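Structure provided below as structure tokens; questions to follow.
Chain IDs A, B, C and D follow the sequence of writing; residue 1 opens each chain.
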Amino acid sequence: MKKIINNPDHVVSEMLEGFAKANPSVVYFPEAEVIARREKKAKVGLVSGGGSGHEPAHAGYVGEGMLDVAVAGNVFASPSADRVLKGIQEASSGKGVLLIIKNYSGDIMNFNLAKELAEMEGIEVDSVVVKDDVAVKDSTYSTGRRGIAGTVLVHKIAGAKAESGASLAEVKRVTEKTIANIRSMGMAMSPCILPGVGKPGFVLGENEIEIGMGIHGEPGVERTAPQSASALAETLLGKILADYDFRGSEVAVMVNGLGSTPLMELHILFNEVEKRLEPLGIKVRKALVGNFMTSLEMAGASVTLLKLDGELATLLAAPSAAPAFRA
Amino acid sequence: MKIDAKGYMDYVAKVAQKLADNRDYVTELDSVTGDGDHWVNMDLGFRKLLEQRSTLEALSLGELFKKIGMLVMSTVGGSSGVLYGSAYIKASQAIGQRESLDVPLLAEVLGAMLDAIMARGGAKPGFKTMIDPLYQGLEAMKAALAVGKGDRAALDALRAGSIAGMEATKAMEAVKGRATYRTDKGVGHLDPGAVTMCYQLQVLADCFSS
Amino acid sequence: MKKIINNPDHVVSEMLEGFAKANPSVVYFPEAEVIARREKKAKVGLVSGGGSGHEPAHAGYVGEGMLDVAVAGNVFASPSADRVLKGIQEASSGKGVLLIIKNYSGDIMNFNLAKELAEMEGIEVDSVVVKDDVAVKDSTYSTGRRGIAGTVLVHKIAGAKAESGASLAEVKRVTEKTIANIRSMGMAMSPCILPGVGKPGFVLGENEIEIGMGIHGEPGVERTAPQSASALAETLLGKILADYDFRGSEVAVMVNGLGSTPLMELHILFNEVEKRLEPLGIKVRKALVGNFMTSLEMAGASVTLLKLDGELATLLAAPSAAPAFRA
Amino acid sequence: MKIDAKGYMDYVAKVAQKLADNRDYVTELDSVTGDGDHWVNMDLGFRKLLEQRSTLEALSLGELFKKIGMLVMSTVGGSSGVLYGSAYIKASQAIGQRESLDVPLLAEVLGAMLDAIMARGGAKPGFKTMIDPLYQGLEAMKAALAVGKGDRAALDALRAGSIAGMEATKAMEAVKGRATYRTDKGVGHLDPGAVTMCYQLQVLADCFSS
């Protein structure tokens, strides 16, 4: 394993230390692995977070117009409730705090526990759960769908709404609307290596890719032979459109790289996705192509579609000063 | 057959060793059905406890459990961190002022842990999680105690039950946790959290017996 | 080889087609593989470019406050003179055009030929050559130093100056000052695969990294065992500081990823670099950590230091709307 | 021993084949001292020429050379694109209105190409580039013609000289191009551009001889 690190136990703290030095607009709380805006505002506080290894998520999305606080867990492990509690405290200005949680049992449990602890301190806290990954069947009984790259668009829209001075209930409403209208589907071509493990978590042969693999290398829906960009766009979009009818609507499209897939390939994939939308009467109002929610050095990509109405389109286009999402 | 705070930290050291010996096996299990970090998480937690061994040994038993709960919860994170954290904190309440664990108190403590894990995660026995070995081990242990079979038999029942519970996860369909993302719901694969839970219960029974 | 592409012969055109669709602020000229700003201004035109495979360079740096035009060659091959000529024509508003060339013989020859052709058409053209890579000994006799990641800072500063309405001579002066004060040093941990070749161009064993490797996989200065982030910062900074004395100055620092090195590791490396600068009296005024000049999916990173005076610091901080460099 | 436009395109097809047969070898050479794309570049250029074969064959010889120069320059890019492009454009001027290449005109054409490459890239014989086989091949050819040895001998001299020039690059230190980035300046490795130049000169001599 060749990684530019010092000690697997310290990757998160050294990364965030470096991140805060490189971005003077944030402050770093080392005990809690929390990154928060330096300038606070009286507004609804937005807290997100999750396991590390998905950079620039989540710290990169802290900034005016987006999150107030990102809470980092260890690599691929939800941050603990006490860290999230610290995040809530930092985000709170008395107007309530909204937690944006990705749907993994670890995250749900830790964020909910933190919410209870914060409420005991008198902070008003509400939460939303992002579950955009159509690779997994939705279910109320079991854990259900994962939250993946679409979360970044949720951060953006919630952030713009909160920045506008809206109430906690209003921010939550718009955030839930975003979540209801967003779908993603991904695929992986090579594994990633956890710093503490030192070898790949799974193997994909020279002639295999995995459709629907999760951003932590959780299993996907099928292994196929490598496909052309065109066939891949067909496959990924096909799964998304089978789940949600985007026909005739305006959308935001995100083509997200998982880590080691070159931007060249992401743009080629986006080109193929875009070609298929027009004939369906789907209009791309905003496109995002890049590494927004990664899985360490995994190769692969995901496609996300978000249906926009006037409100969501305006919020998506609003300014953002977050280091990894400037608009 | 009693374990005090110091004895409990000896137990912690033995679990740490048991985990270290099974790094690749446990990692592999979580790689197949989950995200591959379960061993890293557990190892991190137990190493953290050992780092603080001298401080921890000096605590009362109830305080020790509470402190372990807090440390595990905050160091580990993830599903296992919050579940074990909640389990230890609830267990510390069950222990109260008592200064050592005997076998009947152990059953109480394990019961408190089981309740806490189920309450925190919303899972039940049969969901293919760390709950299964704990539940089946504890049921067997309680049954042995109920018919007055004595400590040693109760510990043997705990051992056998937890192994059975762990092994039973292989055939189960996952309802909570990452194995639910598999189209086969993990059927045919052991649950990693059940395996490490089982390790802990085996080592615990051994510590009482020796 | 698993790549998200359709046909190795079409990677550049499909990528740029996708890029232009995703970024409405630019237009794409397919015959010449040129990306240009949609809104033109009467000002000195700035043209850069080079082989493809270094994304987001160079198209990502086209936008208000930065380049006017990026000209793309085939993967790792300089764009041909006729493409560069088209780029110059698009960038020209009658106030002269400055070419920012990276020091490779192919680039030098093609850009110079294009310059001659444009001058024959009556366009005033001047050029600068970036050679920031201290891995290679400088020389006037031979090809000399390569231009690598530091080029992005050159684009930024030249862009800000041109945007201010300065004359061609003034823009050139400030650009040359930037070039004179910039140094970079990189290292690679794994190879990259040219789409037309289909297998890695070189091999690095599990226990080797290459210090000083170029952004096309050109040989470096030595192979060593993998190093900790701390040792690596020492090595790379050591080479830079041995070449140029940055002590006591204000600098911009860039830690650039070559493609598949996670942002996590880049921030850890930056953290180590930063720690070493303070004791030398070097003050970090601006830090950039990310993938700015890549080599397809190569793993590795480079460190760049640019000495800032008041003029350069102001220009570096000026606004930019380029998709890959928003400031 | 004459080659017209159609014959020249037959030559182009043979070079394309020769390149296709040596893909891994040439790629490997540029991977060692350069950036690994030399074969891709040359292959792209020659495939482009073949795609347009019917149009190109219909041109006069001078027009053909000019068009080849433009196509190669714009399709290939990189160092080889601009160098071969310049070479062919300059050669088309040397050809002027003449409709076919004979051996003496070939020497003139190669001389024009050599001048153009040297002028464009600023390199000289001995700099470890594509220039070396061309220079040594042409020198040998001209020497043979000067002493009136006849076409066949002149072509043999071209063959032998270009091979010698190509092989000599192994021991040379690079002064221009990517091999200069190596601390050893590429000493011990053949220059890829010299190898493909040599291929072209060999195939050219063969075309004249057959």
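Please note the rule applied: a residue touches a chain if its C-beta (ideal position, glycine included) is under 8 Å from a C-beta of that chain, and two chains touch if they have at least 3 such contacts.
Just so it is clear, the structure is predicted and the values come from calculations on it, not from any experiment.
> According to the touch definition, list the chains common to the neighbour sets of chain B and chain D.
Touching chain B as well as chain D, we find no chain at all.
> CA centre of chain A versus CA centre of chain C: separation in Å?
29
> How many angstrom between the C-alpha centroids of chain D and chain A?
The computed centroid separation for chain A versus chain D comes out at 54 Å.
> I'd like the Å distance between the centres of chain A and chain B, where a centre is the mean of that chain's Cα atoms.
Centre separation, chain A to chain B: 32 Å.
> Enumerate the residues of chain B that touch no fewer than two other chains.
none
> Is the chain-to-chain touch network here best called a line, a ring, a star, complete, or other?
Drawn as a graph, the chains make an open path, so a line.
> Which chains are in touch, pair by pair?
A-B, A-C, C-D
> Please name which positions on chain C make contact with chain D in the complex.
Answer in residue numbers: 9, 51, 73-83, 104-106, 109-110, 113, 135-136, 139, 141-144, 146, 194, 196-197, 201-202, 214, 216-219, 221.
> Under the stated contact criterion, what part of chain C meets chain A in this complex?
2-6, 11, 14-19, 21-23, 52-53, 55-56, 60, 189-190, 206, 209, 226, 228-230, 232, 259-272, 274, 284, 287-289, 291, 294, 296-297, 299, 301, 326
> What part of chain B is in contact with chain A in the complex they form?
27, 31-37, 39-41, 43-44, 70, 73-83, 85-86, 120-121, 174-178, 180-183
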